[in-house]
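Across the two complexes that follow, subunit A remains constant while its partner is subunit B and subsequently subunit C.
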Partner chain A sequence: MGATGTSTADRTLNILAGIARTEEVRRNLDLDLFKFHLLDSLGMVQLMVALSEEFGIEVSPSEIGREDWATPRKIIAYMESRAGV
Partner chain B sequence: MNILERIDSLGRRVPEKVAHVSGPSTLTYGTLLYRSNALAAQIAGMLPDDGSPVVVLGHKECEMLVAFLSVIKSGHPYAPVDAFLPPQRVARIRDTSGSQLTLTPEYVSRLPDIQAAPPRRQAKPSDPYYIMFTSGSTGDPKGVVITFGCLEDFLVWMLAEQRMAEGQEVFLNQAPFSFDLSIMDLYLSLLTGGTLFSVTSQDIANPRQLYQKLAAAQLTIWVSTPSFARLCLAERRFNAEMLPRLRLFLFCGETLPPEVAAVLLDRFPAAEVWNTYGPTEATVAMTSVRIDRQMIEHYPSLPIGFPKPRTLALVMDEAGWPVAPGERGEIVIAGPNVSPGYLGRPDLTARSFFKLDGQQAYRTGDWGRYRDGLLFFEGRKDSQIKLHGYRIEIGDIEANLRALPGVRDATVVPEGKDGSYDSLTAYLIMADRPSGSDFEVSCTIREQLAERLPAYMLPRKFCFRQSFPMTTNGKVDRRSLVDST
Partner chain C sequence: MVPYASFLYFGVLLYVVATTPVMQLFRRTWRVWLLVATLAMLVVQYWTAEKPWPNISVQTIWLVLGYAVFEWAVAMAFSLVRKRGKHRLVFYSAVALGLAPLVVVKFLPLFSQVDLIGFLGISYLTFRALDVIFCVQDKLITSLSVPQYFAFLLFFPTISSGPVDRYRRFTSDWNHNRTWKEFRTDLDGALHRVFMGFLYKFILAMLIKQYWLDPWAGSSQAWGIISYMYAYSFYLFFDFAGYSNFAVGVSYLLGIHPPDNFRMPFIARSIRDFWDRWHISLSYWFRDHVYMRFVFTALKGRWFKSTHVAGYLGFVLSMGLMGVWHGTQVHFVAYGLYHAGLLIGNDWLSRWNTQHHIWGQGRPWKLAQIFLTFNLVCFGFLIFSGRLF
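Now for the complex of A and B:
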């Protein structure tokens, strides 16, 4: 739990919405981020860096496959497993 | 220097040496020699000896190298086109180039296994070697003609400036062959008997796989856009331990951010970092400078360097006079590396190319300034941008958006900070708006646009407007358009 009381999911979505530049990522957690061009390779790395800073943990590009991070739901699940919710 | 002779001689001297690694495939200098000879003989039999360009359509396959050299040996220039371009765009390039033949990796791999002597012909320095297609402001790609003379001049300079160990180097090939940055790694590698190691779009889409391959590649010379290095640096293990043989970074294609250079020097203490600059019209690059810590501390934005020998890089005012030292002006390049112009477009050629004291000269449209004898890049005069190293005319995207059904008008704005862009936003006025949420309509439009433009030119965000704010001189007021969001 962050000091602000927001959940890991909310904090992840805030960052994702900023990088994908659409609120649609909150409305549809199963949105295919790559298919809809909301993330590309550089965007994915940007997201990893931003999440690393937000949660104070290392999110390492060499450990994540594209398919592991294809939707908002998958990214949230990953961050919850890492941040211990 | 005779480029082809030098590469061919490696095929005879070190036929088993690996020239190219791409995905699971490798190509030796011996195979490159005899396959390109056979294909050259075939092409010469198929096409009239008219110097018409041959489109080579593919990605990073080993067959691409065979195709490039065989086209040259057959007496034609090649136009490299990436297979990820939508078919419509490829067709436009084919029409513009007047190409009568398109080679693909599949075509090359089906070539019968025969020995054949290539046609005997002596190229003149003024003969076109390759045609590089780049974004045009009216929505049509334009082909930059690079001659044997241009390419040789560029390569002679690079080989003299960067000491490369014959037969010892492994070069990173990051840029697609349709982007002229790849000319730097491809030909420096082939001329020094090195190995070219390609990262494919599949590798780039899959960071995990990318780092595994980079670690295994034994790279010695890194050639990429700064954006790609930045992407790799996101992984903390990307350092001298992962790439122990790496000794030289060569950057081109876009502004090198000081923080990227600084982190590279930290992580690779034994390696040199070089910044280079040049438009496609002046053959890949024509200024260079080694970036060290002192320079990073001293200059908030890094210099693009000193002009190469035999080439002038002048900073000129609107009237075409050199500005006073330290003043800003347009960078104008004159020398043997400057292209004769755009293929089949005398109108566009006349606008940007001219003769300066008998030398071919090109107005870059780039703002520049000399400080301490070093040239600095200070942005664009027009609306051309670099996005992740790709050269894009904003007008090209707008023209293609306006051509879509239902779109009345379109304005595209690059997004980013500190003059470095990371995505595009399109503002649209719809004549009739399809039903659905803004997001759904955006997706439909993006899909339609993807049939006309390469993926790197597609806007990430679409905003819908009833009208565009105008400036007093009747142009779209891009600033208030963005502020209204």
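Now for the complex of A and C:
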């Protein structure tokens, strides 16, 4: 459980929905974010910065490839593994 | 000897290629074989005398090996310091040192008579060396094995013009003992690419050069320059994609799988799409190591009010550097900035269109996009050719 009482998945999806500008990311966790142009390099960097600040962890651009963050589910899994929830 | 340019080179290469099945038999020691083959091919390629100063003559091979040792020392020292903590200044110094030989080679001729202290492939090796430094900074590489580092840096099939491989991708191949089944798959992929290479480089590119490019090379009329522009674009593609096919194909035989460099670039639907299809390994290197790193730092440090400004400056920085990397001449710099401008325009227009919906989705629109992108790209190659200025 995070500090605000919501789960890592919810906090991740809130940020992702804001950057991808669609609520679809909540409904379909296996949505291919790059294929449907919901994320590009700029969006991905925005997401890295926002998530690293939200969870207080350090991420670096070369660490995460597009395949690692291809879907909402994968991003949540990554954040859960990093945030230790 | 310039790789893949003469039949003599292919003849020499056969000695290495012919021993791959033998190496497969002793696959636990294949890494030793790869190092020996690398050294042998480097000697073949770089056994030419250079005269960096009027009275001094040196074999190019020593420059190559000296360069490699220097880059290794920089990476090694940096990784030792990095273990103790993260210092921005140390990181920048390591990048500057890794970049220094290339900068000297590129800029020294502008200021002095000293020439030719570089060697064919130094710009591509610099990408490999810097990739290691970036990954050390991000703690993606924590230990540098000496044979692995030199095998990566000096891997000969891709040494002269890429594709630009990455250390972490290379090492996954290096640490793998391939099975006979994988060997057959690699052989299949290699043969396909090598024959595509012959078709592209020695048939199509040569025909275009002889019957289309060269006849228009001297024309100063507008029509002549336009014809030259298309001829040059197709020549560049078939020549370079052909070369890349050879480089990737030969690498496959040796059990290394560098990324493919081209994916039908002339049917790209936007400039952004084009850079996912043209010289892919180079554009991804700039995307990951320059664009994303710059934008990440800018956003984190709240440098700009708008995210898009950060993105646009990222385009100018990465494409500008891409231009200078080709050479310090004005037309190369202009080429980089031209593409930065196109990427910014493309981004701006597509965002404008999501609000106004002028540009549609149907087939005629797609064809129009391809046509427009193709012509913008060809004009870029005309700048690149140095024909205009």
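FYI, the second predicted complex is superposed on the first by the 85 of 85 C-alpha atoms of A that agree within 3 Å, B and C clash if a C-alpha of one lies under 4 Å from a C-alpha of the other, contacts with A are read in each partner's own complex, and residues count from 1 in each chain.
By our rule, a contact is a pair of C-beta atoms (placed from the backbone, for glycine too) under 8 Å apart; a residue touches a chain by one contact, two chains touch by 3 or more.
Just so you know, these numbers come straight off a predicted model, no measurement behind them.
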So which one touches more of the residues on subunit A, subunit B or subunit C? B
Figure out whether A:60 sits in contact with subunit B (first) or subunit C (second), or with both, or with neither. both
Tell me which partner A:6 touches in the superposition: subunit B (first), subunit C (second), both or neither. neither
Looking at A:20 after the superposition, I want to know if it touches subunit B, subunit C, both of them or none. Which is it: first, second, both, neither? first
Name the contact category of A:41: first (subunit B only), second (subunit C only), both, or neither. both
May I ask you to decide whether A:81 touches subunit B, subunit C, both, or neither, giving the answer as first, second, both or neither? neither
Subunit B and subunit C footprints on subunit A meet at residues 40-42, 44-46, 48-49, 60-63
Which part of subunit C faces subunit A closely enough to touch in the complex? 134-135, 137-140, 272, 287-289, 291-293, 295-296, 299-300, 307-308, 310-311, 314
Would you mind writing out the residues of subunit A in touch with subunit B in their complex? 20-22, 24, 27, 34, 36-38, 40-46, 48-49, 58, 60-66
Residue ranges of subunit A in contact with subunit C within the complex: 40-42, 44-46, 48-49, 52, 60-63
Given the complex, residues on subunit B that touch subunit A span 204-212, 227, 230-231, 234-237, 388, 415, 422-423, 425, 439, 443, 446, 455, 458, 460-461
